[in-house]
């Protein structure tokens, strides 16, 4: 047992005496020991803060700023500090959700099924709308009844694939994202 | 960004965030940097600590204003008046940087006979076509004297040209600025004898400097105060700080964000800032320039490698259905520039077509240029949803965006979605867009909504690898830390595998229309099983090898095989590109990002001591230049303007440009170099012309035909404004703005007593955009748990609104309820002797998520500015009343959870577990 | 949410100045009962022990019952202490350190130490009542003498514990400890009187008179305490209710019993016994009221309606 | 260049501490090898550069995996956290000081990130009867979660209203100054996240020097009102290991104008307590001896 006697010290209050550490306090250490660290970039705004992602046994255990980054030097804003909760979140979807026409509920579907269905819908729509030339005989080669939206939150390579498949491949012209200027 | 593109040659932020620290004065306008970009704001704060002056000009006193030395409250949408005033001040008091302006801008260039200014035409420029609500720059004689358009025999195609302008086909991205009409881009500036006629004395009435002086003569401090609602003293203090902190020894920086762009005059606001910075000599120099603070992690990347309807990668215009774009030769002749860097246009296009169509693209078939779809109208988001709402769209893909919550006039967007046959949403959470049929309180019951919805769970950024291009053009690679859970997949996986399936569906087809798809190069499979950082193998099948995609974007020498990979050698930069089909490149602009199979420069994480430009951290386009146009950091003779502001300079001994940054200039072209009269391409750029993307190598104070709503910025009121235009009384709002009238998009164009209050939207630090990435997260929700509206005590008293109570905001488009945040940070303004009330609405809430509430974007309107089809969320009119709305209120659609995860951390002893996962060891008391 | 009194300045330029900085510990009735039973057991023991020392023959018959009762009260007190903990199964951690700097630590140790002689005495008395007489007298004497200082310590620490905090009222009441210890003895005396009445033997009159004296002294301490608490009470919303409670406590716990006991002195045994009994109950009730008022003081809202959120849990 | 974050993964985790009923009951009583004292560390919070972004709050919750407190809109400027609590160990305060329209007083919006003060002589530590609250080897005030039994005395003792008890596990919780991170040479999550270096962490002496330099700078640059709160001991209170640079009265920021350590009065109170008892006993015995036959 530890005795902590109040010997009068500086400014009249009990002075430090040997402290009653518990076994757990003695063993205390950060959970980052033995974790795998991966350099990353914050998914929120365009400042482009460097982040470090820590994983253990295939699970995300921590995301914090990369101290080496010349942009943020390890710091983050509340959203960047929250990046962990984007990936680890009970509200996050992990299955394909499908809503049939006029239905009032989601159905959980198989990913392959969904991909096939989507491909079929795209083909059908394209067949119906592909226009080689307009009434004045100007070349169009365009599909205008389908469109894609989004890209500013995606990776550069993903943007490249979208434009390549939809515009260069299928002839879809309405390919857009958040960026206006 | 045509504003910057037209002025300097490239549409992107000129400097880097770290470079704020070198600035002596920072003007933050149209940006709420401390709240929208808190970590970026650390650099202005550092500059402040070193003695720099921080100025914030904004309608609302925000967390940014709290840290600026000077805050000036102005009426939203009056920015051009304020900036015009600053330009007027600089010219009137002769505070402009003479040598810089003379050498590096087109101040001395003579403009065509016949050009008429807003001064002459009461707020209009010459060349206006009322029927098309568009300008014809050529007819308006906006060009340089002696340019083709100055020669009468070249004046064809103009009618159709105006038509195209009206249809809003942009091609703005081509970084010299937009083609404002159907004629070749060179038509405005291509002088027969190389150099256009100039008057170095700046006395000639038709020289740009004189036009500038006349144009901005009206923008006196008194007028500024009257229009903006600030005081003359406040204005002059801003002007003085900028002037005092510009010149040889000092530089000032201007920061903007969507506070400028989300206006029908946004492009011209940026133009005004460009003119001001050029006059003060702040472009291309450390601590100077114009920083565009952009909103999304890769919004710059998604413009460079665009998912935009009118752009091909590298800011090449999407071919339009015009004679000018008919064949590859037409296209190159039409869009290329004979002088300056754009002479290489053909190399860029051909290499792109090779990247797209591979071996199918051959010289004899024009590299399949004809396979590219042509645009015959405006297919931008707003116009597309407008068509959608009229039932003209069949299917739609939404990847990581939320138009039902974040789209301007979100009600119209949702109406559009209800008209679709099918919708595919790829996202992390059930967003407004994914659940519009279910959770939208304003929508009809689900059984009346036909839309079929596929909601594909997406991988989070930590669960995929790839490149993000940030606001300072910096490409940064993020590695994959772990596999996504369940059926979550990266968007790359989704697009790649959808492509594979479609190609399978079409395989064997001989139809001409299917050949582009079937010949598309579409092989990005991993060659070896994909390993995760912890050494385990990824369980995801069919994930594309993102490195291979980035290598294709970088570009390859197709006729040289790299022995190490057995694949074509990677290019070291865009200078290696050829127009004979021997190279491919998915985006010429990113050339050099992957110069070697072993070296992905976007993944570079090397840091040198000291602040510096850190050239080995990531890769900045173009070719890792951190400060663009940096040739201008030295004087015409190649010497630094001052020791304090040196960046690169001409080293006579080495016969090359040396310094801290990669020269944005031909490294061995001496300052004294002068082109031959008939010189073409880069040879036509003299050794003292820093803006190599411009045909004449100099920056444009006067935008000769590069912008659709005028060669110079002029103040127009927002489309919805309670006051008239005090500067050009005959022109209330921009004559070229496209208002998409319709039952779903009513407007209060003329000042109306029904909607007397000015409203603008803003961003909070604690939330992100329309909320998909924040309103499902407990730690952020608790910090800003409810929609509120900021209003002044005066307005609150007038409307009997209690602080903390409820109020409703009504615009012509819709009505929402919110809590009242009555605060002195919002002040009523006196304009035209009347009190104008402004309110601020955070735009983060809607009906899906753990925290739901009124959506500011149900109030905003769909408008399209003529250059980029940008809407106007930062200024619209509304009515404010106390109390709540009748009818159904949105309820949280997911259960707010206290902890993201309550399981203990694996492979971690109890003593090292986080302390916050309180374990209940007995029933609570 | 701060209500906007002046629409022109919703946000007070004085910022958080109107907020109470400290947070109340969320102690409630249990603690008030703990304070009472602490006094009941320690008081009864000290009084009984004093009696035994003054005259074993006179008080013996009473203390024989008193010690086991004191033990009972102690058990109830300890139960209150344990039940009031956030983590009851960790009460024994109190004995992990001996820490005189913490009144609570000191008090716990005193209670523990006090429980041993008390337990011993009670066993002795019970055994003797059961007819076993071989227990040597020195054992009782030793237990009594060792018990008294610890009982006193156990009675003394409670008030110091409250006055050695940063809570409004508590921190200003220099005589809180004095009052509690003092009233402990008074309570003990009242209890002994009741026992005497029940047992129908012992120096009843002497005890009655001493109780009167003790109540008189106690009144003085209580008055001082109320004066010390007043300023804090004034800042509270509904502070007058607390005031009322305290005055009521003073009346019930001191005045009325004093009068009753004066009266009962002049009455035949049975009647006086009943009145004494009522008097004792009132003493307890009054003292409980006072203790409850003291415990609840920092948990009342400030006058401006802003109460510091004390618990962030769940 | 500090890349401790990258080296950390190389260190092995310590062995698991014994568990089970016996260890739970006896563990706290077992003797342990106490860590050697290290250089005292703490926080220096420069409120003049706080941009009120609340990164500290989220970084703290993320690192310590603290639960969110639910959705309560306060209407109190941008402060929806309202108070430090068992589940919010950082609290960013907002003070809007704006003159009414017309009046020409300076307008400012003060922001401050509040946290446990880690007093060098901490009332909560004096109060704790179980030894759960200790000064760890960095001289930080640390509540040992495996020891605390939720008596709440520390809550009553704290003059800053920092500590509260959680309904979830009945323990008292507060800022640990990221004890676990410090053990591994990492700086606390909040200080690391803070984008503008408003929250600075380090050896307390260094921080004091830095703060003094900052004060001189501010005073010379026209902020004469800037001063340090809690960086030095007063007659009634010890120095704080988390001290602040303020520009307005402490009470404006919700801090006590002059904190008082209740322990200064403890011995006196014990004496008075004893007096109260003795007075009664003496009187009682006196009466008895007089009235006894």
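The first chain written gets the first letter, and so on, giving A, B, C and D; residue counts start at 1 in each chain.
Throughout what follows, a residue touches a chain if its C-beta (ideal position, glycine included) is under 8 Å from a C-beta of that chain, and two chains touch if they have at least 3 such contacts.
Since this is a predicted model, take the numbers as computed values, not measurements.
Colleague: Contact counts by the stated rule: is the higher one at C-D or B-D?
Modeller: Per the contact counts, C-D leads.
Colleague: Which chain's centre, taken as the mean of its Cα atoms, is farthest from the centre of subunit B?
Modeller: Relative to subunit B, the chain whose C-alpha centre sits farthest away is C.
Colleague: Which chain lies at the heart of the structure, taking centres as C-alpha averages?
Modeller: A
Colleague: Per the centroid of Cα atoms for each chain, what is the distance between subunit B and subunit C, given in Å?
Modeller: Comparing mean C-alpha positions, subunit C is 73 Å from subunit B.
Colleague: Provide the C-alpha centroid distance between subunit C and subunit D, rounded to the nearest whole angstrom.
Modeller: Roughly 32 Å, centre to centre.
Colleague: Can you compute the centre-to-centre distance for subunit B and subunit D, using the mean CA position of each chain? Integer Å is fine.
Modeller: 45
Colleague: Where the centres are mean C-alpha positions, what is the separation of subunit A from subunit B, in Å?
Modeller: About 22 Å separates the centre of subunit A from that of subunit B.
Colleague: Which residues does subunit D have that touch at least 2 chains other than itself?
Modeller: Residues 1, 13-15, 17, 28-29, 53-55, 57-58, 62-63, 67, 69, 73, 75, 77, 86-87, 96, 98, 100, 126, 131-132, 145, 147, 166-171, 180, 195, 263 of subunit D each touch two or more of the other chains.
Colleague: On subunit C, where are the residues touching two or more other chains?
Modeller: Expected reply: 1-2, 8-11, 86-88, 96-97, 99, 101, 313-314.
Colleague: Which residues does subunit B have that touch at least 2 chains other than itself?
Modeller: 38-39, 42, 607, 765-766, 778-780, 783, 793, 803-804, 823-824, 850, 897-898, 900-901, 907-912, 914, 918, 921-922, 925
Colleague: Which bits of subunit D are touching subunit A when the two form their complex?
Modeller: 1-6, 8-9, 11-15, 17-18, 27-30, 32-35, 53-55, 57-59, 62-63, 121, 126, 131-132, 134-136, 142, 144-147, 179-181, 183-184, 186, 189, 192-195, 233, 235, 238, 261, 263-264
Colleague: Touching residues of subunit A toward subunit B in the complex: what are they?
Modeller: Touch residues, subunit A against subunit B: 24-25, 27-31, 33-34, 36-51, 53, 55-61, 63, 66, 68-72, 75-80, 82-104, 106, 111, 114-123, 125, 128-130, 132, 134, 138-165, 167-181.
Colleague: Can you tell me which positions in subunit D touch subunit C when the two form their complex?
Modeller: Spelled out, the residues of subunit D in touch with subunit C are 25, 28-29, 67, 69, 73-77, 82-88, 93, 95-98, 100, 110, 123, 126-132, 147-153, 155-161, 163-172, 248-249, 251-256, 260, 262-263, 265-266, 268-270, 272-277, 279-281, 283-289, 291-293.
Colleague: Which stretch or stretches of subunit D touch subunit B in the complex?
Modeller: 1, 13-17, 19, 49, 51-55, 57-58, 61-73, 75, 77-78, 80-81, 86-87, 96, 98-101, 107-109, 111, 145, 166-171, 173, 176, 180, 195-197
Colleague: Tell me, which parts of subunit C touch subunit D in their complex?
Modeller: Touching subunit D: residues 1-2, 8-11, 13-17, 19-27, 46-47, 50-51, 54-55, 58, 84-88, 90-94, 96-97, 99, 101-105, 108, 152, 155-157, 159-167, 170-171, 174-182, 184-186, 189, 203, 205-207, 209-210, 213-214, 217-218, 221, 298, 308-314 of subunit C.
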